[in-house]
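Shown next, in structure tokens, is the structure this report addresses.
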Amino acid sequence: MSNLRSDVSDWWTTEIIDMVPGQIRFRGHPIQDLIGNVTFPQMIWLMTRGALPTDAQSKLLECALVAAVDHGPQAPSIATARMAVTCGLGLNGAMASAVNMLDDVHGGAGEQAVELYSWIDDAVQGGQDLAAATAEMIDLWQSKHTKFVPGFGHRFHKPEDPRAPRLLGLVDEAAKNGVVSGRFAEIGRSLQTTLNSRKGKAVPMNIDGATAVIYAELGFAGPLARGLFCLSRSVGVIAHAWEQMEQGGRNKGPTPPAYRWSYKGPNPI
Amino acid sequence: MSNLRSDVSDWWTTEIIDMVPGQIRFRGHPIQDLIGNVTFPQMIWLMTRGALPTDAQSKLLECALVAAVDHGPQAPSIATARMAVTCGLGLNGAMASAVNMLDDVHGGAGEQAVELYSWIDDAVQGGQDLAAATAEMIDLWQSKHTKFVPGFGHRFHKPEDPRAPRLLGLVDEAAKNGVVSGRFAEIGRSLQTTLNSRKGKAVPMNIDGATAVIYAELGFAGPLARGLFCLSRSVGVIAHAWEQMEQGGRNKGPTPPAYRWSYKGPNPI
Amino acid sequence: MSNLRSDVSDWWTTEIIDMVPGQIRFRGHPIQDLIGNVTFPQMIWLMTRGALPTDAQSKLLECALVAAVDHGPQAPSIATARMAVTCGLGLNGAMASAVNMLDDVHGGAGEQAVELYSWIDDAVQGGQDLAAATAEMIDLWQSKHTKFVPGFGHRFHKPEDPRAPRLLGLVDEAAKNGVVSGRFAEIGRSLQTTLNSRKGKAVPMNIDGATAVIYAELGFAGPLARGLFCLSRSVGVIAHAWEQMEQGGRNKGPTPPAYRWSYKGPNPI
Amino acid sequence: MSNLRSDVSDWWTTEIIDMVPGQIRFRGHPIQDLIGNVTFPQMIWLMTRGALPTDAQSKLLECALVAAVDHGPQAPSIATARMAVTCGLGLNGAMASAVNMLDDVHGGAGEQAVELYSWIDDAVQGGQDLAAATAEMIDLWQSKHTKFVPGFGHRFHKPEDPRAPRLLGLVDEAAKNGVVSGRFAEIGRSLQTTLNSRKGKAVPMNIDGATAVIYAELGFAGPLARGLFCLSRSVGVIAHAWEQMEQGGRNKGPTPPAYRWSYKGPNPI
């Protein structure tokens, strides 16, 4: 930085990017060396982690990014994006209203699952048996938070979410090749076994649970698991918002206009 | 879809995704066949365009996605993301507040540049000379919109934005290999020449102008150019928001607290 | 401001608020003199316009603010707010995703109507006949923008939006009392007459058209008409989001879960 | 509702609004009876609480709404709004990006303070001494959440936030007149005394603490305290965004362009 330095500059200190007129470096790499030479997932890793990943690490991250792009136009986030463009918003605004909704209940499960997995991993690293640690940490989660165990259960995909076994299989392969340890895949499966047995029926590992295995294996912190889910789902947001733009419509509501709401308050008309 | 079909279902018609319990298809491709087999840029293309790209097309798209991830913590979008996490927002909320700001002035230039390029291309396809078409369409743009020609000029990177020549070089290579026509790279250079000459100084093609060349070469519509810029810049948003989370802070303002604003209204204290 | 003054402070120059430790002034008025002594609409006026309104002006503004709070849970903005809280967002986040959607098509009509009214007013002030100016400016609007004349037409309230005659009646009363000129109520009615006659049926003045009459009569600029509509509608956003919080639900979609979407793409399941 | 009724309508059940073509009722009141007859604060109360307040209740609510409109252009929310309009957003978008940031740390303190006050109130109603209940609940809050006691402490207004004593005085007056019980004003003062004594210096009750006294006295639930704070602060957001629109600027960053950030990462330029 050849610019004026002061407490004002220090207020915006970063290790991510450096710039002078005509030059840009990300994490120390000149931008022109990155363009055309690193993949988009490698760039995502570099920006969020500070150094470039191996090809194998990057490939596994890519699987998680590909898997979570969309779950249909009636997910609240995607529905919002589609309604947004009919209200006059561009794709930036549609993304904003939609991605905002990927909060604790809708998009935070990945972050929470990474946290739960790490509790179990810490216990196992400390010498506890995996099954016992799993049972204990489920109880702890439910007493501390809610009955919902993050990453498991799906109201639509029963008995199995098709994304989970595919992603776990790719983690197994990566573990076999020494890319990751495989510990978090084991933890995920242990949770599955315990929850199935407690419920007496299949409680499928969902997309958040499966991608959280990958994020945990690759060393991503919980908040980044949420962030990368948002990035992945943004692809679906853009695709649906654009499709809606082409379909047209003005002020599209959630149901066809002929259906109105049910009023249950005082003094109905 | 094996579910209840009706006007309610038709209200949310899509060609992007199909689902039954246990199965998900994107544009007709089972999700498990995509995970591990297509890259993230290929998936982005499939979702927004309807079919998979060639490897070479996907690689060129990837260059645009890599190039635009960040321009520093003091861009209004990134500054907002960093402030947002100190207000208590998760990465989804920080992304929302930040990406929203990539509007006409901050993130819409790519969309506008694609539009301007297509005006010139239409004129050239219709038989007009490139230099004449360029001059005419700059005039038309300025009379219809503002004096700002989208995709050109940078208040910081003078005389050249380091991303532009690198990206144009990769388009040239792709054109030589028959991946793209190269027409829009020519149009971009023609704009550059005309603007330099009109201004009597270098008016550097900026990141929006250079990525718009790629988006136009690859056949992306203008609104998608904006959407994909937002997706790319979201990577920087996530990286900076996460760095700020780790740095800490509460209710971080734009300047160090010792600096306050200048009050110029009535009855000052 | 007794603080450090510099170019950094000047970057955030304002005429709205002044502060030193223990003292706050808005537009020159100490905060403790405002609290308990001015109404909320007076405060809104003071903040946006720079000086306090008369009681009568404030009362008329209040009518516009009261009238536009809500139009039901299936407006895209309100539906978004209700879905948002089931995704885990607090009321700030629900407001953000919802208010964002009050863009050109959904919430911008008030701003546009103020602009159209001012075109007609300028023509009339310049000597043109009201009916002729109305006809000319409708044509100009439609050629410059779209066929939709802002502030008129409603797909639900036919033949009349109940809010419009009530608001116009209050403007008439204010005009009779010399609070406003009444010119914009005349312009609104002239638009109504012309549009009814052109369409051969009632084209009801809607809430945007009616509140725009008030905003124009009171001298609010177009962008503020949009902003104040957003403020008013935020009341409905908060009420609905809170009602949904109490109703509960997780990841509420736009339709009951039994209804899925219609897939019209390749290779259906 | 004379429309088609079904499970689709029931999905959007509300007690807030009823409509048929030409008629709108809020909480059972025809809209034309409300416009011109109720104040904006009364309308806010009606919408969020279900019935109209007394004049005295409405006046006290109005004090809280007036008090919290703004705290200067360098609050992260307001700074964001000002930057947003220079990126091309309208006032709806500026409000969205800004209000989103009023999360747990920036705008959630009012909600949290209502919760803390109610803990103390429950203990006192159950027979505990006020001072003891205060001390115990501060400890509980700090062990359950963070060291920050919501509603108290201000990094700028020392030793006193000018809004707090004024608002408490108005609550006292309302209590004397039987409008409210005054219990929460006592609780607020008890917290103040305890915190001052623990810290050995003045820990001023801030705007969140003072408005939370009013919201609690008037029976508003915690989440509504946050929502109404957002509504109030939206006035400042609109005023500042509009002032910035008139000042102009493109892509305004947080500091003057001559100041850049400090880069502390690897391989600096």
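As written, the chain order gives the labels A, B, C and D, with residue 1 at the start of each chain.
Methods note: contacts are C-beta pairs under 8 Å (C-beta built on N, C-alpha and C of every residue); 3 or more make two chains touch, one makes a residue touch a chain.
Here the structure is a predicted model, which means the values were calculated and not measured.
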Could you work out which chain's C-alpha centre is the most distant one from the centre of chain B?
D
Over half of the interface residue numbers used by both chain B and chain C, so same, or under half, so different?
same
Would you mind pulling out the distance in Å between where the CA atoms of chain C average out and where those of chain D do?
22
Between chain A and chain D, what's the gap in Å when you average each chain's C-alpha atoms?
31
At what distance in angstrom does the C-alpha mean of chain D lie from that of chain B?
36
Among the residues of chain A, which are close enough to touch at least two other chains?
8, 10-17, 19, 23, 72-74, 79, 89, 93, 96-97, 100-104, 107-108, 156, 254-255, 258-261
If we count contacts the way the header does, which residues on chain A are in touch with chain D in the complex?
1-6, 8-20, 23, 25, 27-29, 50, 89, 93, 96-97, 100, 254-255, 258-269
Of all residues in chain A, which touch chain B in the complex?
7-8, 10-17, 19, 21-24, 26, 30-32, 34-36, 38-41, 43-44, 47-48, 62-63, 65-67, 69-74, 79, 82, 90-93, 95-97, 99-104, 107-108, 111, 156-163, 165-167, 170, 221, 223-224, 226-228, 230-231, 234-236, 238-243, 245, 247, 255-256, 258-259
Taking the touch rule as given, give the residues of chain C at its contact with chain A in the complex, in rising order.
8, 72-77, 79-80, 83-84, 86-89, 93, 96-98, 100-108, 155-156, 250-255, 257, 260-261
